[in-house]
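The structures come next, written out as structure tokens.
Each of the next two complexes has subunit A plus one more chain, namely subunit B in the first and subunit C in the second.
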Partner chain A sequence: MAELTWISRGRTRRSTRTVRLTASAVVVVAVALAVLIVPPLVQLDEQAVDLANKLQPPSPAHPFGTDDVGRDLLLRCVYGLRISLLVGLVAALVATVIGTAVGAAAAAFGGWTDRVVMRIVDAFSSVPHLLLGIFIVAMFRPGVWPVIVSVALTHWLSTARIVRSEVLSLRARPFVDAAISGGASRRRVIVRHLLPAVLPQAGLAAVLMVPHAMWHESALSFLGLGLPSHQASLGNLVQTARSSLLAGDWWPTLFPGLLLIVPTLAIAGLAGAWRERINPRRRSELML
Partner chain B sequence: MLELHAVTAGYDRRSPVFQDASLTVAPGEAVGLLGPSGCGKSTLARVAALLHRPDAGRVTLDGTEVRGWRHRAPRALRTSVGVVFQQPRMSADPRLRLRDLIAEPLRATGRRAEADGRVAELAPAVGLTGDLLARRPHEVSDGQLQRACLARALALRPRWLICDEMTAMLDASTTAALVAAVETYRRGEGAGLLAVGHDRVLLERWCDRTLDWENCARAPRVAD
Partner chain C sequence: MARMTGRRALFAVPVLLTVTFAVFAVAAASPFDPVKAYAGTAGLTASQDTLDQLRANLGADQPLVARWWNWLTAALGGDLGDSSVMRQPVADVIGERIGWSALLAATAFLVAILLGTALGVLAARRQGGLLDRCVSSAAYTLEAAPAFWLGLLAIWFFALKLGVLPAGGLTDTASDTVTAGQVASHLVLPALVLGVSQLPWFFLYVRQGVADALDEDPVRGARARGLSERTVLLGHALRSGMLPMLTLVGSRVPELITGALLVETVFSWPGIAAATVQAATSVDFPLLAALTVLATAAVLAGNLLSDLLYGLADPRVGFDG
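Now for the complex of A and B:
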């Protein structure tokens, strides 16, 4: 009986997972197409002001409505999503490269290097990372790069920890002994045997970080510290919409908000599926 | 000569795994070291392969005293000792095809050009056929993988070979084949062998002489 319940629950869980995975994939593909194809195709100016049509609710002409200076919100949302995704992707990539390098170096060299590096990681982690990110953007003029630098420099810590623990466990396996005995230098052991083994984990960490980085970009822009306020980014759109929301105009907040939530959840959903694929395989490799 | 003099080793200086272990392997000689499980014979094998720094004692290879261990040992010194471990799964990089696994020591020492030729020579010597060479470790059996690990250990033509329970995970016919491959290599190159294991029958038939663990090392005083 217990077994039966377990089986049926397993099946339900699997089908829910398939639905979630498909939905995530559809959203990610749609978003990718939208941000890659729409801007070059339509050739419209997302900054074009049309005061005669300000704060129009959604209509066939403006499916997402218009903002307080009459700019088309659909177009601004697409551009905003584009810049937010760009920031998220680049920041996640840079953070992953830093985290992987630091974590692998700490574990591979061990001893004092490991202790010093990991205490630095602890020190960084002890400060709330949004606060640290705010300090970093505050040092530069508003723009895309300061936001990327700020998000990247505050998000490599967890990757460093993950990679370090992976490398530590791999380093103790006899295949590293065999490589050393075969004349491999320390550098070769790291580059050829240890790093390739942690790349799937690091890649997963990178994808999981994209949504997080997008939220950070939005948070910084919402606080007025991120991208210049005229630039269409999801954070800026929500920030600009605040005043209209008080007047009862819901669309300038709703659509950018949804575009922030839905694609990030979809990316996280895909990353979750990837993680499930990696982990059982890793387990079976270890058990063999 | 591969010599260990009064070696004390372990993973914690305060409680070594064994103390004062001494043994000698002459060129061309096959020495078996017999010991019960958990006595520290694998640790001793790692010390002899320059893969573990002993807490005390000396290791000399042909009169050269070993001063650095693991990657700090001079490359010529550590590649003069080939090692085969007990568990082939753990001692093979899971991402490398067997062909690359065997050639890895040649590539690591800048002798890439010889790799293909040496693999073609070694594969039949350890009983691996061509199609297996293109597979990855999870696609072959333990025995096949251990054959590849032996081939890898022989790739640089080491003057010393250390087999740490090489056949413990294998069936009788694979064991016989691997022992035969080691013996053929030894006769051809005049290499010395240190075979560590717990199977008295096997080691006594395989080696020129066998040592009992109690006669070459001292168990640490039990601290209470």
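Now for the complex of A and C:
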């Protein structure tokens, strides 16, 4: 009996997992197509004001409705997602490069370097990320780069930890010993043997970081500390929708938020599958 | 235990020193100029001599380390400087607002723990069942949903559509006294939103803990003794499944602060998190610096609480950390 339930449970799990994986892949591809192809292909001005059609609820002509000056919200959301995604990607990339460099250096040099660097990482992990991000943005505002730097500087810490522990465990492996006794320089060991081996882990961390970075950018933009309003991200769209919402119109708020949630879940689904592949022992339970 | 508390307090000193120094270093590297911030629009017409005089008075002409050290020694004496946006000493701003933030955070935590435990037990009872799959999917979705967005939708639904709860603030605009009843009705929505935004973690933790406990020997033993399913679930599985979650509550302080920054702003709640955002928007460095350090101290205290509770709950862990 016990075995039977285990088997059946395993089977349902596997099929739901496949469904989830397929759905995630479809969403990610759809999002990529939407943000890459729609803007150059559809020669429409997402800023086109149409005061005769302001605050129209969702309809076949405007699937997401229109905002308070009559701009089509579907188009605005696609452009917003494009900007959010771009900022998230760049920030995650910068954070991953910093984190990998710091983590690999700390583990490869060891001793005092390692201790001091990791204590600094610990210290900065004690500041809530959004708060540290708000502080950095407040000091360097306005513009796109302050936002990217703020998100990147608050996100490299976990990557540094992951890469460091990975390099530490790799250093004890025979192939590294063999390389060292074969006369490889420290630089060659790091670049040729250690870094390629940590790349899958760092890559996974980077992929998981993208939705996180998008979330941070949106929060900053919503608080009025993020991107300038002529480069409206999803967070800016929610921010500007606030006055319409207080007048009772829900759609300018609802859709940008949904466009933030759906890709996040899809990327988490894909990353969960990837993690299971490179590290099958761990169940992808708490994946966000 | 006292020794561990002492050791951790000692560890907190370098952390806080590093963070305060980094705060000053970031400000020094930024285009932010304390003199211009202090002088405001008057700074545009003031002569260079006046500005230089002001710079010397504010101590802004000193090197970074000296400014940091002056701030640090003054802060230890209770003087955190003056907030330009609130037009009062930083210490007063914090004193007036921290109570409201604590009230909001405590209520939200209570909501998250109670709801998370109830849903977690129900989901773990039949893992993979319909209820489990629905609630778990909802939890993942909620975890991805920004708290400010949830807050706005809650305002739309409860305050505008149903008209049952106020949309924000601490009291009605018409009243100028703060009564308990008014505060309670204004607390419901922000506390609910902040609690729900923290819910996924609590729920997933309890669900996993109870589900694991249900597979373990004590539960098998209890079932073998013929105890009712209710006693097994609530008396045995929940007790061992919830313990790790309760002890880890302290480590949720960073997420709680993050949520509070957004929720307090959406609901115009007069707490320190909303003040942080105001300080950031108007580049009020003294207030922003003090609140960043305060938040870091809160996170460290939360971590310590977690470790202490864990040691108390599980004697195998001990207090050596």
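Going forward, the second predicted complex is superposed on the first by the 278 of 288 C-alpha atoms of A that agree within 3 Å, B and C clash if a C-alpha of one lies under 4 Å from a C-alpha of the other, contacts with A are read in each partner's own complex, and residues count from 1 in each chain.
The criterion applied here is as follows: a residue touches a chain if its C-beta (ideal position, glycine included) is under 8 Å from a C-beta of that chain, and two chains touch if they have at least 3 such contacts.
Fair warning: this is a prediction, and the values are worked out from it, not measured in the lab.
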Pick one for A:127: touches subunit B only (first), subunit C only (second), both, or neither. second
Contacts for A:257 in the overlay, against subunit B (first) and subunit C (second): which applies, first, second, both or neither? second
Touching A:86, do we find subunit B (first), subunit C (second), both, or neither? neither
Please indicate which partner A:144 is in contact with in the superposed arrangement: first for subunit B, second for subunit C, both, or neither. neither
Looking at the overlay, what does A:174 touch: subunit B (first), subunit C (second), both, or neither? first
Is A:182 touching the first partner subunit B, the second partner subunit C, both, or neither of them? first
Answer with first, second, both or neither: which of subunit B and subunit C does A:97 touch in the superposed model? neither
Partner with the higher number of touched subunit A residues, subunit C or subunit B: C
For A:69 in the superposed arrangement: first (subunit B), second (subunit C), both or neither? neither
Intersection of subunit A interface sets (partners subunit B, subunit C): 285, 288
Hey, which residues of subunit A end up touching subunit C in the complex? 9, 12-13, 16, 119-120, 122-124, 126-132, 134-141, 211, 215, 218-219, 222-225, 235, 238, 241-242, 245-246, 248, 250, 253-254, 256-257, 260-261, 264-265, 268, 285-288
Considering only the defined contacts, which subunit C positions touch subunit A in the complex? 14-15, 18-19, 22-23, 26-27, 30-32, 127-128, 133, 140-141, 143-146, 148-149, 152-153, 155-156, 160-161, 167, 204, 208, 253-255, 257-258, 261-262, 265, 276-277, 279-281, 283, 285, 288, 291-292, 295-296, 299-300, 303
Where on subunit B is subunit A touching in the complex? 46, 49-51, 70-71, 75, 78-79, 81-83, 85, 87, 89-95, 104-105, 108-109, 138, 149, 152-153, 155-156
Across the complex, what residues on subunit A touch subunit B? 173-175, 177-186, 188-189, 192-193, 196-197, 285, 288
